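Common to both upcoming complexes is subunit A, partnered first by subunit B, then by subunit C.
Moving on to the complex of A and B:
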């Protein structure tokens, strides 16, 4: 099956200017040579700590910011260089939901206005717009009484469901979810996650699900990609990657995430040293090596490429075959 | 951020806002009803009545040509408010448009516009206004042009920084993701959220415009006699300040009244609409 989204060698460098003439003094490599694909109908989880570049990947996918290099293809059509008319058509196939639901809608406009805009701006027939909005509201379990309220009069969960409804009104094929539940209470999180899963089935959606919460990612994703300092560290089926991680960074992430059951408390844990280094002054070789407990000379000298260690399971680590067997997370 | 109407209701509880509002209302009433309020026309000369002190017949006395000071003062409010309002409207429109452009697009547009505001800010405004009026010739139209030309930059600076902050808000990114054009984003998503700041700035810019109008009138570069511009009255009455101080005192008080009223109004609005603007 052809992938819906193909990302290859995607790069985003931000310039840092300083001095009297505002000359470029250094670059932040927010996203550095990232490649992956998402099959139609699947959910790819994208995990990383803050600053790993995962939100930048989301914005590059939708071309909210311009890529420095590489390509993004949606249904085989290039997104990064599309001309305005083609871009407008491509935008209808992609939606995005942001982390902060309170800031996701124009604070001066009623909900009705925020939901009408995507349809009006894309030339939908006026007579049918209100029906479409009501139908979509029902899909996210909200009633028409919210339409005349302002965003700040809604709860966080309601705001986020409105954001989802708005993103889906144009019937996109891909929905990018940038930490959609991180700002919500734990009980509301579950509610929103389940609505997202129902909608995926109802509309045959493809999700890119960005999160730092491994348990949430595990709940919704088919495959998961792990990012660190702008690079992809590991990618593969969610159970394989999270239960038997092949990259020390993933092992460290898994170890630092709260276990699902108290019986796992005694397990052996991989601990990463200190804080991630600066994005401006990146380590040579493997970006993880200053923090990695298993580092060897090769890690400081050569940058590891992603290698397929098991079918569909890739990791970028020189020592992937020789690491101590990680403890299974759930047994 | 609260809605404008909610903020106005909150401002209604603010004493300085209410006093400012009353002053503004009295000024607008005086300007609109000048022909009915004033007992004489502003240019009717009765030489034998010249330099009379305030009395029942001439409430604020008469000037050196025997014109009724009260009538001239009331008619003067019309000039002050009209010139002030037009100048503030022009500087608001120009300043806000440039600020939105600079803040939204950044890049060379930003650099050019910021360079222009720096140039304007480097020169003392009244000196620049005098220069413009001297160049264009004395008239009320040129006063409006001069005042707008020296005052748009503050609107640009503040709207620009607001726009820079707003354009990275998720709801603006969401708008772009759903295919909204730049123009639509600027007008529908950013401008409505900048309007409270613009209202406050415009209210605070009006007294400055009135003071500048009278200053240019005083220097002979603005309204020309016999127009009852407060600045013109002040400059005409200077010669008689010892013998007939009332001719100078009342236009001076009128200018203070305008400045005080609009500053109170503007500060009340600012506290209600956007307290973070407080310096």
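Moving on to the complex of A and C:
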């Protein structure tokens, strides 16, 4: 594999301050010792329940926030410690599409302005900017008449396609997509997913695709990573991880995910019944153990490391070899 | 489920909102029944009129939030036409036998009061003693499977996770033992593990209390999971209605078929998803013929002039489409 992005031992602990002097009273371990790589031209899906640290990973990759530990490399160059000039060059190679497209656009500026501005500040040749914008709009299936509108005059799907277009105009190598379709209804979701796959094919783009919809992640990803409470629980090829998961947490997610047809009713739905514990007061040993139906003493005492169970398929579970086989799921 | 007893009967419901561009018809001539004890799902894309229909049934569209609106038709519930009740009478119905879970539970819970107190208030209406009411609150918190119910009763809404808030809302509804529960996108804000818990809870309560549920969503996964019958709405009209297997295995309306085909079901290598080109029609325009016509690959001449009626093509399966109503066997893809 020829990695475009290499993340190793990445860590982000947020400080929680309290009391009269606002002293640091505890830490939220939002991302804890996370390592993975993404090959050029590949899509890595990132899945996990709310609060597991997915958006924090995304923001660390682009250095929108600073890591408290570990490293992020893009084409072999260190992102976490890059100096301002080098960072500017690196940042041009990375784009991000946020979950809420409206919130990432200036509500008082026309779409034209929002698309043009990043190109101007990044020193693109003025004479060619408008042509490039029109060409990109055509690629995301939007007409030039939208350029003179304000964000609130567009539908959710149009806004989301504008933010994809804006990210792509800078010709990034890596595009981070944070829940890009969760606000859309299914017919618009299908349009946006198709466009992303078309553009990936055309430009060899690399995606980190964050979502908690397993059907969407299965459809766009080559490999999938599963996060729980700041840690990577499982990572591997999409078929292996989603169709035959080796970690009890992934099995729980797959079982909870709604079926594609009413014929699949009646399977066991809830494997992980309790609420997740807080990130401030984390469980000892394996972070899943208080909710895990298979837990043993070792799980309460020793933290499991990621182990390669099949080529390219890693899971962090002491019992991975001895779990009952999960019910196979049709797609 | 009891096919003969109707929990709700909606007849020719019509809702118009006043907008700067004229009257917008959000819901047009919609008629359907919900049977006692069934889960009836209403699906359709954003803006097609699902929430408006539910709000009209609940008596929540009024002069303050929608000045100049018009509502027509009849909504029969417990032998009364809800649309003809006074606000006071409607309050009484809402307090007892008709409950609604809103899409955003934070909007419906008051941030200034503890969760337990809000449920307590809902019960105390019933003139039971204070101690008895608090005992019942604790029971309800247990019933909706809130872990550590004593502590949760003392929490403020913003201290609870999305799934917990949704369960407090459900607890509040249950306190009143409703005959019909309207659930508007009850799980869209939740991730899959918590979503599964909320659906499990709705199923358990339906079984225990014989309650009917009107479930509004655009998530076909949830429909596949718990619905008994399904109605599909497009641009303010019902275009198809059938039991859940009929909708999934044998959808007849081109819109339903295209919607189902746009769900991601496989892997990247399986090829691109189907999409529905075009947009919902402008609700302020009077449209002759079928409202889906401009986006429909199967349209024929008559679609431009005559609006198709919702007709029963096989027992229990109703479709509003000139083509689907005449073609008996397989439809063109």
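FYI, the second predicted complex is superposed on the first by the 324 of 331 C-alpha atoms of A that agree within 3 Å, B and C clash if a C-alpha of one lies under 4 Å from a C-alpha of the other, contacts with A are read in each partner's own complex, and residues count from 1 in each chain.
Criterion: a contact is a pair of C-beta atoms (placed from the backbone, for glycine too) under 8 Å apart; a residue touches a chain by one contact, two chains touch by 3 or more.
All of these numbers come straight from a predicted model, not from anything done at the bench.
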Combined model on subunit A: subunit C and subunit B, fit or clash: fit
Partner chain(s) touched by A:212 [first = subunit B, second = subunit C, both, neither]: second
First (subunit B), second (subunit C), both or neither touched by A:307: neither
Residue contacts with subunit A in the superposition, subunit B compared against subunit C: C
Which of subunit B and subunit C A:155 touches, first, second, both or neither: second
First, second, both or neither for A:59, with subunit B first and subunit C second: first
First (subunit B), second (subunit C), both or neither touched by A:93: neither
Which superposed partner A:104 touches (first subunit B, second subunit C, both, neither): first
Superposition-derived angle with apex at the Cα centre of subunit A and sides reaching subunit B and subunit C, degrees in steps of 10: 80
Touched partner set for A:166, first subunit B, second subunit C, both or neither: first
Partner chain in contact with A:118 - subunit B first, subunit C second, else both or neither: first
Minimum Cα separation, subunit C to subunit B, after superposition on A (Å): 14
Subunit A positions touched by subunit B in one structure and by subunit C in the second: none
In the complex, subunit B residues that touch subunit A: 1, 3, 169-171, 173-181, 184, 188-189, 192-193
Residues of subunit A defined as touching subunit B within the complex: 59, 62, 64, 88, 91-92, 94-96, 98-100, 103-109, 114, 117-118, 121-122, 150, 163, 166-167, 170
List of subunit A residues in touch with subunit C within their complex: 43, 49-50, 155-156, 185-191, 193-194, 197-198, 212, 214-216, 218-222, 238-239, 252-253, 255-265, 269-270, 272-275, 331
Interface residues, subunit C side, partner subunit A - complex: 45-46, 147, 161-164, 190-197, 199-200, 218-225, 227, 244-245, 248, 258-259, 262-268, 270, 272-276, 279
